[in-house]
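As written, the chains take the letters A, B, C and D, and residue 1 is the first residue of each chain.
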Amino acid sequence: MLDTEADFQFDKLHEECGVFALYGHPEAANLVYLGLYALQHRGQESAGIASSDGRKIHSVRKMGHVAEIFTPDALNQLPGDLAIGHTRYSTAGETALLNAQPLSVDCAKGQIAIAHNGNLTNAIELRRALEEDGSIFQSTSDTEVILHLVARSRERTIPAALREALLQIEGAFSLVMLAKNRVIVARDPHGFRPLAMGRLEMADGGSAVVFASETCAFDLIGATYTGDVEPGEMVIAGPEGLTRERYTPPEQPAHCSFEHVYFSRPDSVVFGRAVAPSRDLMGRLLAREHAIDADIVVPVPDSGVAAAIGYAAESGIPYQQALIRNHYVGRTFIEPSQAIRDFGVKLKLNPIRHMLEGMRVILVDDSIVRGTTSRKIVRMVRNAGAKEVHVRISCPPTVSPCYYGVDTPSLRELIAANSTVEQIREFIEADSLAYLSLESLRESLEDSDRRFCYACYTGKYPTLVQIEEIVTAKTGCC
Amino acid sequence: MLDTEADFQFDKLHEECGVFALYGHPEAANLVYLGLYALQHRGQESAGIASSDGRKIHSVRKMGHVAEIFTPDALNQLPGDLAIGHTRYSTAGETALLNAQPLSVDCAKGQIAIAHNGNLTNAIELRRALEEDGSIFQSTSDTEVILHLVARSRERTIPAALREALLQIEGAFSLVMLAKNRVIVARDPHGFRPLAMGRLEMADGGSAVVFASETCAFDLIGATYTGDVEPGEMVIAGPEGLTRERYTPPEQPAHCSFEHVYFSRPDSVVFGRAVAPSRDLMGRLLAREHAIDADIVVPVPDSGVAAAIGYAAESGIPYQQALIRNHYVGRTFIEPSQAIRDFGVKLKLNPIRHMLEGMRVILVDDSIVRGTTSRKIVRMVRNAGAKEVHVRISCPPTVSPCYYGVDTPSLRELIAANSTVEQIREFIEADSLAYLSLESLRESLEDSDRRFCYACYTGKYPTLVQIEEIVTAKTGCC
Amino acid sequence: MLDTEADFQFDKLHEECGVFALYGHPEAANLVYLGLYALQHRGQESAGIASSDGRKIHSVRKMGHVAEIFTPDALNQLPGDLAIGHTRYSTAGETALLNAQPLSVDCAKGQIAIAHNGNLTNAIELRRALEEDGSIFQSTSDTEVILHLVARSRERTIPAALREALLQIEGAFSLVMLAKNRVIVARDPHGFRPLAMGRLEMADGGSAVVFASETCAFDLIGATYTGDVEPGEMVIAGPEGLTRERYTPPEQPAHCSFEHVYFSRPDSVVFGRAVAPSRDLMGRLLAREHAIDADIVVPVPDSGVAAAIGYAAESGIPYQQALIRNHYVGRTFIEPSQAIRDFGVKLKLNPIRHMLEGMRVILVDDSIVRGTTSRKIVRMVRNAGAKEVHVRISCPPTVSPCYYGVDTPSLRELIAANSTVEQIREFIEADSLAYLSLESLRESLEDSDRRFCYACYTGKYPTLVQIEEIVTAKTGCC
Amino acid sequence: MLDTEADFQFDKLHEECGVFALYGHPEAANLVYLGLYALQHRGQESAGIASSDGRKIHSVRKMGHVAEIFTPDALNQLPGDLAIGHTRYSTAGETALLNAQPLSVDCAKGQIAIAHNGNLTNAIELRRALEEDGSIFQSTSDTEVILHLVARSRERTIPAALREALLQIEGAFSLVMLAKNRVIVARDPHGFRPLAMGRLEMADGGSAVVFASETCAFDLIGATYTGDVEPGEMVIAGPEGLTRERYTPPEQPAHCSFEHVYFSRPDSVVFGRAVAPSRDLMGRLLAREHAIDADIVVPVPDSGVAAAIGYAAESGIPYQQALIRNHYVGRTFIEPSQAIRDFGVKLKLNPIRHMLEGMRVILVDDSIVRGTTSRKIVRMVRNAGAKEVHVRISCPPTVSPCYYGVDTPSLRELIAANSTVEQIREFIEADSLAYLSLESLRESLEDSDRRFCYACYTGKYPTLVQIEEIVTAKTGCC
């Protein structure tokens, strides 16, 4: 049997979560559910919602896609005017359900639920200290560490306890928290991961406050984007209204550039900037930097589409969608014992021979991680008759793992960490290969004032990252 | 609750089936399953496979998608070297499972299983006569009519009995049949629906014969397209080898033009012609016929993509994917009681405001059926800031129902059957609206010798269609 | 893996269906469902209900238990004032769902649905003739044969067509049929299988007519038993009221004696006689015929309980429930690879050592079919400390297969067909073994006028049974 | 809709868990699963198993019955030679899955998993103190309290930490715990709940150690009962062999008498005494204490069977199973809107009119809790024709709630806490009603030395029970 989802996505970097929160609407859980639906691309393993009816926190968490989990029955179990939700990226392991979020607990502060997107770089250290002090852990997620810190705080109020906890954790986090009658959200001082804020006008003239990883979630429910939760900021929505406070001075901003390269939906505004023009510019600058004489520009769907359109527009070479993606994908497939060459990729992609035959093809994608899938696609295009296959990548080579909430393979597996561009070209069997330069990526993001993080391209991390965390980066994430 | 799949697809015409058949491979059922997987777009309600191990016919039919139905356990129940499969379009009704195909029965000729794509125009008449003669019907599908005719034939062999049956049925059919040790396929004398033939080389030097509605199914399993089953032809694959015979003289060809406009996958070869260049030409000719000054060309995904690229290339107006499609769609959604404007369409599409704001937009789609979804999309684009919205359709207005295997609404519901183009424009709230002319459609198909059917655009049916069949067209289809 | 249900029931004879029908109640399907629930012991593989709302017949058939199949959603699909239902015994085979009943079809007579309990002894002959005449069969059940006969009848009305069909079929049948606005039931001229009639008073003063295999189904819905459908009788409930007619002269009655020995629930009245006193008398007469000095009388639960109580009462030996039955049984079990002696039986039964230790035990059961399970139980009782184990069976040895609707193993497998009582005793490792005599069984049933069938004990069949039917008896049953 | 399980069991007291543990067998999880299967009657809501392969603890917990949860796939996820399991009684609430056991955590002592049967009387107090000290709680079960105490212990070894925890908790507990390479079990100093120990001989001459709530679990897997874990004892099975130690001096024994009256299976040995003779004696002494002239003795199945047999034997009045229990029960039922009198009870029980008509009936049951179900049964028997209905209960009136692991209703709902026997008789509409005296109950248990707890009959609790715990007794249990 072949796990096709895994096989195909093996060669991609993965976002590790989407969050959504809402305060002040009688259909809180329904709207959070729609918000999560729009954030489904940020994590497909499990999803959860916790809501409060003012007396008690209710919670539903399950493995699966948002639209499967939140049946009418499930939503009926989530009454109340305030709610938070989470969608989680697929990882392996028996304890998957235990790691599903929001995590909801009782403690001396009352009932609280938390979900977050990101990765704490000092989670292991904190966890060890907490265990030494008698804490028990039921999951492997960082979220549980935050809950323990809140619970152990000597502060009397939940916001104060959360503030104390936030000052102890390091790394990347965009966090949503639900108490009996408050929604509290916070973002790390570097602002690694996005967290947008918005307003949903109601029929009666009132309005609800909403928070989401990406603004596409606001579009679906008809809410308006009003700005970002700032790095180092905590926002409290409660009966007293909206309170914004800096719980710590902001540090040098370090917004994840890969959100614009690949993770975020092209219809979102992320870190205050629309994603679509970033991708268009990446394609255009890639065309300027790495022009080549060819007949057609073809995207690897769906991740390469926006940059390929930009590349084609800039170069004047015709754009063609010559690789067709099959969206009806099941979880597992019986692979016929008769070997079918590059079977896993074929289940997802099929080339249009008519368009490719005899052509010099520029193939545009957003990244190469291990190189194995890229090689299969190059072969597929060549087998469909392409005379030449030139691969263009809309960001620089990925040379370093991310410790800020992106699931990257180990250094050993990252092809660009171990090979020259020429070696990669040879491995993927392309006629030429070129990456967007770091300068052009920054230009694409209009990042003249260095607000973005490029650590995965440079190895220069904005925070101190310890060896041990590097080794175990994959276990502690959101 | 909102059935989103239904809501969104409400305004589309629908193909009513895909078929696949294979003779002579030890993994027959596995390969048929992969073939059906590639044909999933032709029908998502139910799917089935029947295989023969030479002694007995085995069968699995279920509601749902191919990848969900054919688990390892299900495939283990399908031994043998020959098999046929079917994927069926979603229609309503409690008897849905009974209508799933292949239909497998015992009769005086032994065990046989049949599946087909198409619609018999004399099914009701035949059914009535059979019932008068004592036949019982367990489903509402035409397939059962064919089975009765085969069973009642006085001919002694299955091919002869099938030949006799084929001579009695009228209309559109591409049919695959399984007997204990033969696969027999046939196509109506007009060749309304596609049926491609291919060859799968095996490791041991032998080869298997394969048949499919579209060649994309061959690509996935590594088979080679060798040509079409001809109109009026019956092909028998058995221990004696491959036998091709004309069971009736071919009539004037009448290949469904809408296969090239919308139904078939762009990576398929259908009726001997690649689909991709047809769509590209439709877009280009549309641009020539109905040019307009605008800023961007935007497809309605995914159906309008190929024509939009052609339109953009021809017109020189930049191509932009400014509508994002959400592919993680569930079957039903709780609609929040707070009205969300155009909720159903929003679940599937989201506009990229940044690309649309202030723009004069040419929106390209393949068809307008009822007009309701088109209106929602036009509004959505306008609400996202477009200054003008010009709709371009890559085929002529659909003015007549199809009786040859396409699920069309009644005349009363077909907007183009009851309105002028100007009235439709007004209804969908576009600034301008234009359709590809019939001549240009023919040019796109390179149909100088009239091999295609355009009845849905002209009302001129290639066969005699009776009033009664017109009334009940939707009940009797494949 | 071990199919425990199968393993444990392997050594039992099985009823092959229960039927229920109702005419004239606004909650027809709900009540039929409750009736089937009470008849669940007559068949646990699949169940179905067909209802009519006067215009159309609706139908739900599924694999599984009644209480799992008929969810609120399923029952909502079954509107109307008249309905029939069926519960079917578990047999193997891929076509199980196709054999589920009621079978519902369209024919020249309109829509009809049929379900029956019994077995046609000329089904194969009829099926062959029908196939020769061009009929197709989708299932292997006799019911489909009856439907074909009804459909092919030249009679104009459904009752007349059914009458014609009934005159052609031979064997055992208690049949319920649903037309658009009539319920028709019929029973074979020997009256092999039960079919009770009753009346359900309604709040508004009206009443509905009900039919069921056993009266326990009437008790649950509060209906009153009014008598049996007579052998050779057809009863029509329709807008014109209740019509009873003899469609054929009754033959010598041949009620299945095993219904009273084992099949029917002890709270039912079957063939006009309460089951409980029959079983009590079997136990008492067994005690008189085969007395033995012992310490306790122990039933094999649940089938041996009633006779054991009678045996104990008659003999004065104390009754003890020393074998405990586990009712929480799953479908399959992983058997530990470490051999657990008599594992399959142990999952269902556990002995109470305290009651058995040092005791001379009389073990009472209703029958021995293959002998394998009996041997396991005797060993279990002995291992729990019993000094002696004397087995007493509440009917004569089963020496011949049944062709009238009971699933019996082949002659080769029936231990009593091939062994003397002494040989059986030796095989099951009992200290003594005795069966109730035929005379005493007749006395238990108060059958002075020979109304019952004892063919399985005598090999004297009340109808002509052909060799071929004997060979294939198991495929054609209800 | 009607939740029949709940409706019928509403008037019963409920056990709140069964536990099983095994050390030293290569098929540990398989055997624990079989053990839980035999303990299914102690809890049907959820079940779980945790196993250790020496390096890591694996765990599967789910809602549902044991035989449904532990599929081959589930068992494959549970490797290793040592395992513990738990089956839990059905309670309401969204957090049901979170309360499923064994609870498995990481802490400074490593990975541990715990499950228990019982109820801590100081759980709320401990929980409050732990929360004050910063602990977070994900469930409402007492088990989590124990885990926190173990985790917070300053002791270095797990046994020492558990010992420290055990000294802090009060109430009733029979506890099984799994560490990486040890199974540790313990019992409270009063020995409220049972915990048996046994030995499973292996094919290779070695043997495994097993622990279970009841010995019927040993019978199924072929293990031998070797005695009980003593009150106040902790037993450690590890690589060093079996270590038994008193972690605290035993207190006055207080074994739950209701285990013998109702909870335990009659084939078990519980608190060193076989259950079957206890129940037989209860019936016999009840006959002596409360003789009455009647025609038949009828048990309420299945709980009243054993005592009814004893009553009949002692009184010489014939025993009859005149109430038939339907075991095919679904979770919910659509109740027909036409009122069916006493519908819920009818789904489970049906009277045999033939046996009851004109009879003076002695109806034997194990208890009356609220009285509502008893009234329905009395009415049912009377409606079936009984002339007189005399109810006999095989223990004294239940006047006080249990705080030691039995789910009892509040004082307000306990009919015997608020009514005289005569008032209860009137409420349940019986002709006479009598309960076994406390003296006779003690005689039935051969409890001359006061080893049993009778608090539910006397209100005299063996431990200090605080008001608050009384109020909230139902939330904190196992």
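Going forward, a residue touches a chain if its C-beta (ideal position, glycine included) is under 8 Å from a C-beta of that chain, and two chains touch if they have at least 3 such contacts.
Please read all numbers here as calculations on a predicted model, not as lab measurements.
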Task = Could you tell me which chains make contact with chain A and chain B both?
result = none
Between chain D and chain A, distance of the C-alpha-averaged centres to the nearest whole Å = 48
Query = Quick one: chain A and chain C, Cα centre-to-centre, how many Å?
reply = 60
Ask   = At which residue positions does chain D touch at least two other chains?
value = none
Task = Select the category (line, ring, star, complete, other) that matches the graph of chains linked by touching.
result = ring
Ask   = Using the touch rule from the top of the page, what pairs of chains touch, sorted by label?
value = A-B, A-D, B-C, C-D
Note = In the complex, chain C touches chain B at residues 58-60, 77, 94-95, 103-108, 131-138, 147-148, 151-153
Ask   = Of all residues in chain D, which touch chain C in the complex?
value = 1, 25, 27, 30-31, 33-34, 37-38, 40-41, 44, 65-68, 70, 72, 75, 202-203, 216, 219-222, 265-267, 269, 274, 276-277, 305-306, 309, 312-313, 318-322, 324, 326-331, 333-334, 336-341, 346-347, 350-355
